[in-house]
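Both complexes shown next keep chain A, but they swap its partner, so chain B is in the first and chain C is in the second.
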Partner chain A sequence: MTQQTLARPAAASEPPTDPGHRRRRHRYGERPGLAYLFLSPWIAGALVLTIGPMLASLYLSFTDYDLFTSPQWVGLANYRRLFDDDPRFLTSVGVTLRYVLISTPLKLIAALGVAILLNRVTRGSAFYRSAFYAPSLLGASAAIAIVWRLIFDNQGIVDKGLSAVGIHTGGWVASPRYALLVIVALAVWQFGAPMVIFLAGLKQIPQELYDASAVDGASPWRTFRSVTLPMLSPVVFFNLVLEMIHAFQSFTGAFVVSGGRGGPSDTTLFYTLYLYDNAFSNFRMGYASAMAWVLLLVIAVVTAALFGTSRRWVYYAGEDAR
Partner chain B sequence: MRLRKHPYRVPRVLAVTVIGALLAAGCGGGGDGEDGRVTIRFDYWGSTERAQATNDAIALFEQANPAITVESSFSDFGGYFQKLATQIAGGSAPDVLQMDYSYVREYGDRGVLAQLDSGEAQVQTSGLSRQLLTGGSVGDKLFAIPIAQNTQMFSYDAAQWKQAGATTPADTWTWDDLRAAAQAVTDGTGAKVHGLNDFGGVLDWFEVWLRQQGKQLYTEDGRLGYTAADVTAWWQMSDSWRRTGAVTPAETTTKIDGTQENDPVAQKLSSATFGYDSGFTPKLWEQYGRELTAASFPTGTGKRGQYAKPAMMLSVAQRSQHKQAAAKLVDFLIHDTGAGTALGMSRGLPADEQVRKLVGATLQGPPQAAYEYEQKVIAGLDAAPPPPPKGAGEAKVAFQRVYDDVIFERATIEASAAKFISEAERAIAS
Partner chain C sequence: MTTVTAAVPVSRRVRKVLLHLAMIAAICALLYPVAWLISSSFKPASEILSGASLWPSRIVLSNYTEVFAGVAGVGVWRFAVNSLLISAGAVVGNVVSCSLAAYAFAWMRFRLRGPMFAFMIGTIMLPVHVLLIPQYTIFQNLGMIDTIWPLVLPKLLATDAFFIFMIVQFMRGLPSELGDAARIDGCGPLRAFRYVVLPLSKPALVTTAIFTFIWSWNDFLSQLIYLNSPETYTMPLALRLFIDQTGESSYGAMMAMSVLTLLPIALFFVAFQRLLVQGVTTTGMKG
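Right after this comes the complex of A and B.
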């Protein structure tokens, strides 16, 4: 046994006759059949459920398609109409941007804050971790969005609580001023996923950096800014990109809380909600496809921009410091 | 020990085959048994109460036609039409489907519905009035047959009105009478309960008001039968009622979506509403915790403006594999007296004359009130206008949405009316 184990590295680095690069290819690259066999469920899924529909929708975005009769080629008319002749489209863009800009930072701050606290908990940390993570598992479901709607509705818990201290809002769900905030709150409450990732990142920060800063007499805030944050910046970056993309695509909360209408007064008309409305209520599948591709491009551009800024503030350990 | 060269080598062909098989598995379809039995699907919108009645009627149908099995499912109105569109596009439309007046043209014009007055899916239409059938016809083709009719109705909590000292509706009452009564209820309850649901955002009630002035919602050639000035006048009326509290405030109004659970009357926030008489479902008194009384719409011109509306219609999908069986079910649900008794008033007043008489004699509770109301007003009802143009459903939704701007005071009434007109024109033009 022992001998065999010991023998293995020797065997691996064995024949000098075998050039190194060929060997690597041999080991990892020359069994494509097997690889594809194991990958096949995923490949089938990707082709049928992702790539195929995407290409179809790209084609449909250049057509007038009402779901029932065959698509008519209209060139760029759908895209032109989006920007020239559809005030609700611009409304939906405004609502979505506001949502992304408010909910993403709040969610990340909440996630990081709780992660830092949990990082110090020594007893029962598994319990707290699960407890804080649970909303992320539940939160994407329609059921929770319905509960959320009831909580913030007229005569809901929040309304009754506020009324008890003399603030009458008549429910937030039906108020053009607060309706979007209800959906933001629902998103922020689901900070579990980024929190777990932050927590993993925090555990990676070498203790000696903290020891050193303690020796230097750094305040907790100073330690956070000069040690925790820079060391954690790759994780912050990762979470930022992911959560931003999620926020752009957010649908369920808005759909359920507003009863599918984006109301009141279009103040929760998310981009995806308007897209869905066009596609499935108003029989404008071609137009909706154009919207989907515009969204994809916008997300790609914003993500690329974030990557562009990352060089300035994301620090990877092992890189030369500045 | 050295590994053999390619211990687990799998031929590329095999990998490709597996992928292909997985792809193909996703595209397979089912079929029917070969013993002459067929299964047809029937989808409709409605409440659980309606579903129970419908299941009873379907059971009778299956007894009478042992070779046909009916699978049915139901959902709420909005979800139903969203699902239907996707199903039809995906080639999995139900064989028999419940059709709404405002969508007949949308679907009929696009060749999705089978013709019911000739061909494989022919259904006999004796016992149905001509006026009702026009509601299901596009051009000279019949695409949907009304199973029930309903009409616009005003309903109010008579006990609460009397207690508040409000004058209850008479046959010739006016919009001013209504306003005074609603205001009295609001004042009498210290604005805990408002006299009336804000009606300004509902296109259907606007339509009645328009018809009272000799106008119509859509012209014969499918264009808007009114202008921004009409919308402005209508909204000025409802807006001034809202400002004095006669109708519900904005936060309450914005949640009205046609379902019973979101009806301010059910939540005891309001004391009266416009609606359809088919809304008087058997358990309504228990669900609302109060009894309501039916009355016709107020008017100011001597014209009532209400019409016999083909409330729910049945259609057969053009791509159905079993058109004959589907037509049989449609025929049975509409004409069979047993089915009629099982369905009762669950879809409104039965369209078939014979069934209507039979059902009328057995009713009690809210459906009886609706039946009596309908019998009282039926002589004065107009014929249903032809089905509205494509996009009418979208215009209806836009009407309520733009009205939100008015009640939340985010835009002037004139600007909102102009905005709505441009949206409605866009909706029905495309």
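Right after this comes the complex of A and C.
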């Protein structure tokens, strides 16, 4: 306290038009210990709950560990077994990839389509936006997954409706062909969150570009292809990365719809579901740790690949070469 | 107003009406499952599965009385209180710890700021699964399995880096002159934080609180892992218990329980929808 009182006159005597003015806020950091004090909860969390566990799970992935006896080093055995000797693992990889590749594009197309329409609405747009966004909040709940399960169940609404027009599926939840689609539908239903982001991006596109395109006599499709899509590509990219990462880790929907078993015949055995099963039903903690690291690597590679391709199709207005 | 509408060509007005109709139709279709859930919770159990209609043939409250009588011998209030305690604890933890960390990142200069900030951003994208098992052993060794602590303590240690990032972005937008003014008035960093930066960051803090509450309330995986006995179950876990215990014969109570689980989220949404949508817009966060 005394130090601050002493420092005050010097600080106050400085001219307010000092060119370094904007930097001045960092002055508080002149006692760096204080910054670390503010950061201490986060630092403790980073060390004890992030870095430590990351290293520990990397170590555990090379061991046999059942939680009750101490870990036994087994080298690469867990990883080898995943790819050579565990058909259910490969199934879960296939299911998850299929889910990611189907649900992400569908969700983003729905989000973009509705955002473009909503962008034209002047009156009531705030209401519409909120209404479309609501499923994104509700959909994460197990309660909504239960609703999905009943709607798509044998003799459920969808089954009855399809039967009425002569299509007999026997309910999607119990059908190996359609069960995954129930969870895809649940994901696409939550298109509101990326839609809100698309909408914000659309509002940033300068009207002049649309005026110019109208003067040139461009068709709506042409305008969409040559103005909207390129200008929106950074937002598309952002949503794509976010939704992909999210989809890889999807759990609740698959757990509830399949009753926690990933059935029928493992067609909804999501990666995370199988990981959970290994870790907390069978206590194969080392094996599950290896799965977690494979997941981390896959997500990292996919994200890096997306960033790699982004140079070709993401357009940043500020970085024009001319 | 009338002159303006008269000036708009008829075809454009028709198109506008069609647009609104399309929007309303889409929203009705989208919210149909929610409406169906609510109406089903008031239907006799036999009508639920294949009844597409939103109007029950007769309204019954038995589904709700059944739920309030208890699931697996535990009253629904217990689940609600458990969920509420976890969510409230998470809100307090996130708001306090994330705002402290964010203030340091946004308004202070220290040697490790660059690397620490980069690390913090990196953890946003980290899949929880690589941390899950060691964290479980930590909480097991602390004797905290089957308590709310594994679900609340991490929030007190600012592990939701996402919110730190959001608050940092907000605090950086505050004019730096405020810091100068506070200093000239004799505020140290602590008081500048408490009396200048924190009050002005209220929108970011409220957004953090609302999203933390909803996410904790909806959270399934970590509750599934850490809570093992019905007395400690939360609303989502009780739902699962329901499917396991009573089988598919009691759809009615399951629907009632689902409605009760969604109720707080729906209330939060109605109360704070503007802030929630803004939060998504400014940070691109997941719902």
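The working rule: the second predicted complex is superposed on the first by the 268 of 322 C-alpha atoms of A that agree within 3 Å, B and C clash if a C-alpha of one lies under 4 Å from a C-alpha of the other, contacts with A are read in each partner's own complex, and residues count from 1 in each chain.
Methods note: a residue touches a chain if its C-beta (ideal position, glycine included) is under 8 Å from a C-beta of that chain, and two chains touch if they have at least 3 such contacts.
Note that the structure is a prediction, hence the values are computed from the model and not measured.
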Partner chain(s) touched by A:Leu67 [first = chain B, second = chain C, both, neither]: both
Touching partner for A:Pro135 - first (chain B), second (chain C), both, neither: second
Chain B versus chain C as contact partner of A:Gly171, first or second or both or neither: first
Winner by number of chain A residues touched, once chain B and chain C are compared: C
Which superposed partner A:Pro264 touches (first chain B, second chain C, both, neither): first
Touching partner for A:Trp221 - first (chain B), second (chain C), both, neither: neither
Partner chain in contact with A:Tyr36 - chain B first, chain C second, else both or neither: both
Contacts of A:Val48 with chain B and chain C, given as first, second, both or neither: both
Chain B/chain C common contact set on chain A: 4, 11, 30-32, 34, 36, 41, 44, 48, 67, 259-260, 280, 285
Partner chain A, residues of chain B touching it in the complex: 1-2, 6, 8-12, 14-16, 18-19, 22-23, 26, 78, 81-82, 85-86, 88-89, 106-107, 110-112, 249-252, 254-255, 257, 262, 391, 393-394, 397, 401, 404-405, 408, 410, 427, 430
Residue ranges of chain A in contact with chain C within the complex: 1, 4-5, 8, 11-12, 16, 21-32, 34-36, 38-39, 41-42, 44-46, 48-50, 52-54, 56-58, 60, 67, 114, 117-118, 120-121, 124, 126, 128-144, 146-148, 150-151, 153, 155-157, 159-161, 189-190, 192-193, 196-197, 199-200, 238-239, 242, 245-246, 248-249, 251-252, 255-256, 259-260, 272, 275-276, 279-280, 285, 288-289, 291-293, 295-296, 299, 303
Touch list for chain A against partner chain B, complex: 4, 11, 30-34, 36-37, 40-41, 43-44, 47-48, 66-69, 154, 170-171, 173-176, 259-266, 280-285
In the complex with chain A, residue positions of chain C that touch it: 19-20, 22-23, 26-27, 30-31, 33-34, 36-37, 40, 48-52, 96-98, 100-101, 103-105, 107-111, 113, 116, 119-120, 123, 125-138, 140, 154, 156-159, 164, 176-177, 179-180, 183-184, 186-190, 192-193, 214-215, 217-218, 220-221, 224-225, 236, 239-240, 243, 251, 254, 257-259, 261-262, 265-266, 268-269, 273-274, 276-277, 280-281, 284-287
